[in-house]
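Two complexes are shown next, each including subunit A; its partner changes from subunit B in the first to subunit C in the second.
Let's turn to the complex of A and B:
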């Protein structure tokens, strides 16, 4: 081979360039990711999962859940909503002002201009930041996923196919442990037309002893085991549900801001 | 004699094929440069300059910054709750119900649901000593000036949170309001007691 050294050099450059692009650049960009603080709060995010939920991540992995479920919420845009907080001393003027204004789905500059107009007539308005996009519209999350969401996942179960819904925020969306267990045992009993296969081998059907087990599943009408029997989850099922319930991406962060509705001020 | 052994034939199999040196067609150069230019334009618009904090749909750190929820009433209350839980909640409770024999309840208290901020803002800034009647019960208090070390804006947020939580309904307290009260520390008899507080405008 006459140009052996040149071929070697060309291959080295080609492989080296892709290594820089696919390995080095992401590590430089996100390798130092650490906990961040929640917006308007001193609390850190994320906190590590409890041990049972960590085990559940391995159950999730074992059963190939990531083949049909993703854990990444996408966001295609951001919008501002105006919320009137005070009508001031001249409610009529404020009403006139807002009747000519668009209040939802504004961009930042339009929202600022609208707030100025309302303030000029004595009212008070707040700008609420809202994430938009198909995933948000489906209720799969309030914001897009960011690198910090996966800080304590090993391995990260991003997934790429959405035969089922995205699970990045499932713990906030469906926080009922019994619902999750029933759904694993018989998906169609709680989600009609679900395409999910039942995971019955994660459960035991047993005769009710002297008293029903405290962790026996509570089924919707017409779906339970025959009378005198009960369905109890195995440790695997409980770990998996603990993991699912720990999947919460519902707090606003600097990298993914949105306005959190205030639950605390309610009595 | 087989073919392989013939060495001096015109088509020698071990001869490496060569290409003649010809210049790269100009259209390839133009196409490559155009693509590079478009790639650079795309990067400029969408990369966020490789900032690890910028995700789509945001395109720059400045844009992300402009969409941070600003301090409105909701942000005030959120910050107020955080500070309250850190400082005040230990005695007055996260639910505002207080602690028997130690801290009176804030929920529904006549000292919190006042018309103005004069009385309620003086309490964390100066503390309360002696007896104080809250919701029909007499408390013998020795509350230190827990809010004196807080910044004006934090204290304003806490007071706004207290006055708008657990069923309380009071007007918001602004940073300027707290400044006014802080300037008046010592303008009335010390220590702050029920009688002194009553003398303040409601």
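Let's turn to the complex of A and C:
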């Protein structure tokens, strides 16, 4: 390393290579990503979020929600469930065939072979594909997140720390708008021991007029404002909840298949 | 003109030439350091009382925490690193800094940019990308201030008297070049003309890694390779090993940062994990260079505060490198991903390694550049112990708690709320760590400000002495003219 030009060249080569690898190549590979078709359906995925939900993404950004929440579900693998749909004309033979099969930890080939055996004796069976892993078992989603899930988001809010739970599929697992609003206003009223700070400044407390506001929050017993008052969400709170409810990565795709319903989850 | 005929400028002359720009860079940096610690402490208190300051939108956790991080990085780390680079390049090139007004202007422009960025995040005008939160009003001034400072540093470098480079110069010059490239790429692709979908996340990780790991690594190691041989009284052992460390570091470290399991095509995390594991090569090379250089002189330097700061910095560099490797390793990463382990690594790198290294350099070089001693030199020692204890109490609980949190997250039978609750005792200790760091930073601020004040007083005294001084004895020219008048 005798002169300054060589240092410049070294930096140019090293940084230029990683620029090509992690800036240029992803843009070329993923920049033209299009909608994909949902598995076993002609519908396209994803469709853009409705306008209010898109505004809500900006509320999510300005409040730095991604400092505590991720929006990415992971899975460790897939398992196959065998579901008998018809015993056929000879149930005894099907029962015998099933009892001769090993049904634990089936992979796709073993499951196909088992279906063939059941079909051979006149029964009918289907294979259900199930994503596995702690996130899926928690009910945070039915499959892992993939690149297409974020196609229409700007900025993409993947997050890096789970100080709060993952939100990739929160619209599917907690679809009650009132619950979401109450949770934003007073998190501890619906989730005991929650570490989430309240976002009271996104709401207005007002005297109940001639008739209660149709938007007023319905609180669990013992929380809520004093009698004669009601808590009304501002436009920003409503947009944020519209965004949260639009977070549903709940359709099976070619790259992330599944056929099982959503596991029961806690907030 | 023959260069050899010019008299070499003295060391004092070179040091003094950097005085005003360094005071501008370090003064603001010390202020941001304290400001960032206060914001970080406020954010940390929210874990013990979620209701604390909750009625104020601009003090919500999601705004405080990124502001604290950015103020530490852009407010302290970058200007301090640039100041140290200016001085090191001037010393190593035996060339004084010329045209002082431009770097002073750039330093002030920089601090203005940080102020705009800080206010912007607090009022909610952030870009939404980690470590790149400053919107245009903050990022544009910062970018141009950096260009000016880097240009002036390169002018010093170009005027050097010794053509053969010392290892520190490779690291510093490469770092000067690194930031404009990554910062412009990230701002153009993410903020100005955003790319679509998850590519945003990939570019965000690439940028954050190149700034937090590569840029800080280059500047920090550049300083360490200059100062440690000086303190140890032995030349760097050896230049070839340092060259090897330089090449392997920039080749591997620049590819780190894409987390395993990210929702992107699998080749990206795989490539990134491979590069991160290979990072062990430059880490070992750095360890070997430093060990062979300082071996035998550690005890005799025990009372040398800058040496102790450097020592802690190098240890933090190696440790945070190992933590980075653990996070990238596919076997270990499921246990620590999405936990406090990541923030612990970042804090160890930014504060334990980079800020500690910069403290050491500033304590050594600022009195020499200004020609005035620190007003409270003994407080530097207290600062060292507070920082060391503080960063330990911050990082160790977060890392250990992160592993526990991660094993909870990996077990679906453990309720999520329980994983959060289990973190609370660790977070409590880490708040104590932040408090100690804040106290240490205050001492640093007091010393830097005290020195600036002394410098200003000295200037004022000079000025007063100049005004009060008796009129100068009649000049030869005037007496000549009077003689003429008399004769006429």
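Quick notes on this structure:
We take it that the second predicted complex is superposed on the first by the 249 of 267 C-alpha atoms of A that agree within 3 Å, B and C clash if a C-alpha of one lies under 4 Å from a C-alpha of the other, contacts with A are read in each partner's own complex, and residues count from 1 in each chain.
Here, a residue touches a chain if its C-beta (ideal position, glycine included) is under 8 Å from a C-beta of that chain, and two chains touch if they have at least 3 such contacts.
Note that the structure is a prediction, hence the values are computed from the model and not measured.
Once chain A of one complex is fitted onto chain A of the other, the partner contacts of A:70 are limited to subunit C, with no touch recorded for subunit B. Once chain A of one complex is fitted onto chain A of the other, the partner contacts of A:14 are limited to subunit C, with no touch recorded for subunit B.
Contacts of A:30 after superposition: both subunit B and subunit C are touched. Set against each other, subunit B and subunit C differ in how many residues of subunit A they touch, and the higher count belongs to C. When the two structures are aligned on the shared chain, A:187 is found in touch with subunit C, with no touch to subunit B. Once chain A of one complex is fitted onto chain A of the other, the partner contacts of A:204 are absent, as it touches neither subunit B nor subunit C.
Of the two partner chains placed by the overlay, only subunit B lies in contact with A:41; subunit C stays clear of it. Applying the stated contact rule after C-alpha superposition, one finds that A:129 touches subunit B and leaves subunit C untouched.
Once chain A of one complex is fitted onto chain A of the other, the partner contacts of A:144 extend to both subunit B and subunit C. In the superposition on chain A, A:258 makes contact with subunit B only, not with subunit C.
In the superposition on chain A, the residues of subunit A contacting both subunit B and subunit C are 2, 29-30, 33, 76, 144, 146-147. Residues of subunit C that touch subunit A in their complex: 46-47, 50-52, 54-57, 60-63, 65-66, 121, 124-130, 157-158, 163-165, 167, 169-170, 173-174, 177-178, 181-182, 185, 189-190, 194-203, 205-206, 210, 243, 246-247, 250-251, 254-255, 258-259, 261-265, 268, 271-272, 334, 338-340, 342-343, 409-412, 415-417, 420-421.
Residues of subunit B touching subunit A in their complex: 16, 50, 52-58, 64, 66-70, 72-75, 77-79, 81-82, 86, 107, 161, 164-167.
Within the complex, the subunit A residues that touch subunit C are 1-4, 7-8, 10-12, 14-15, 17-19, 21-23, 26-27, 29-31, 33, 61-68, 70, 72, 74, 76, 134, 137-138, 144-158, 160-165, 187-188, 191-201, 266.
The part of subunit A that touches subunit B in the complex is made up of residues 2, 25, 29-30, 33, 39-43, 75-78, 85, 108, 124, 126-129, 133, 144, 146-147, 252, 254-262, 264-265, 267.
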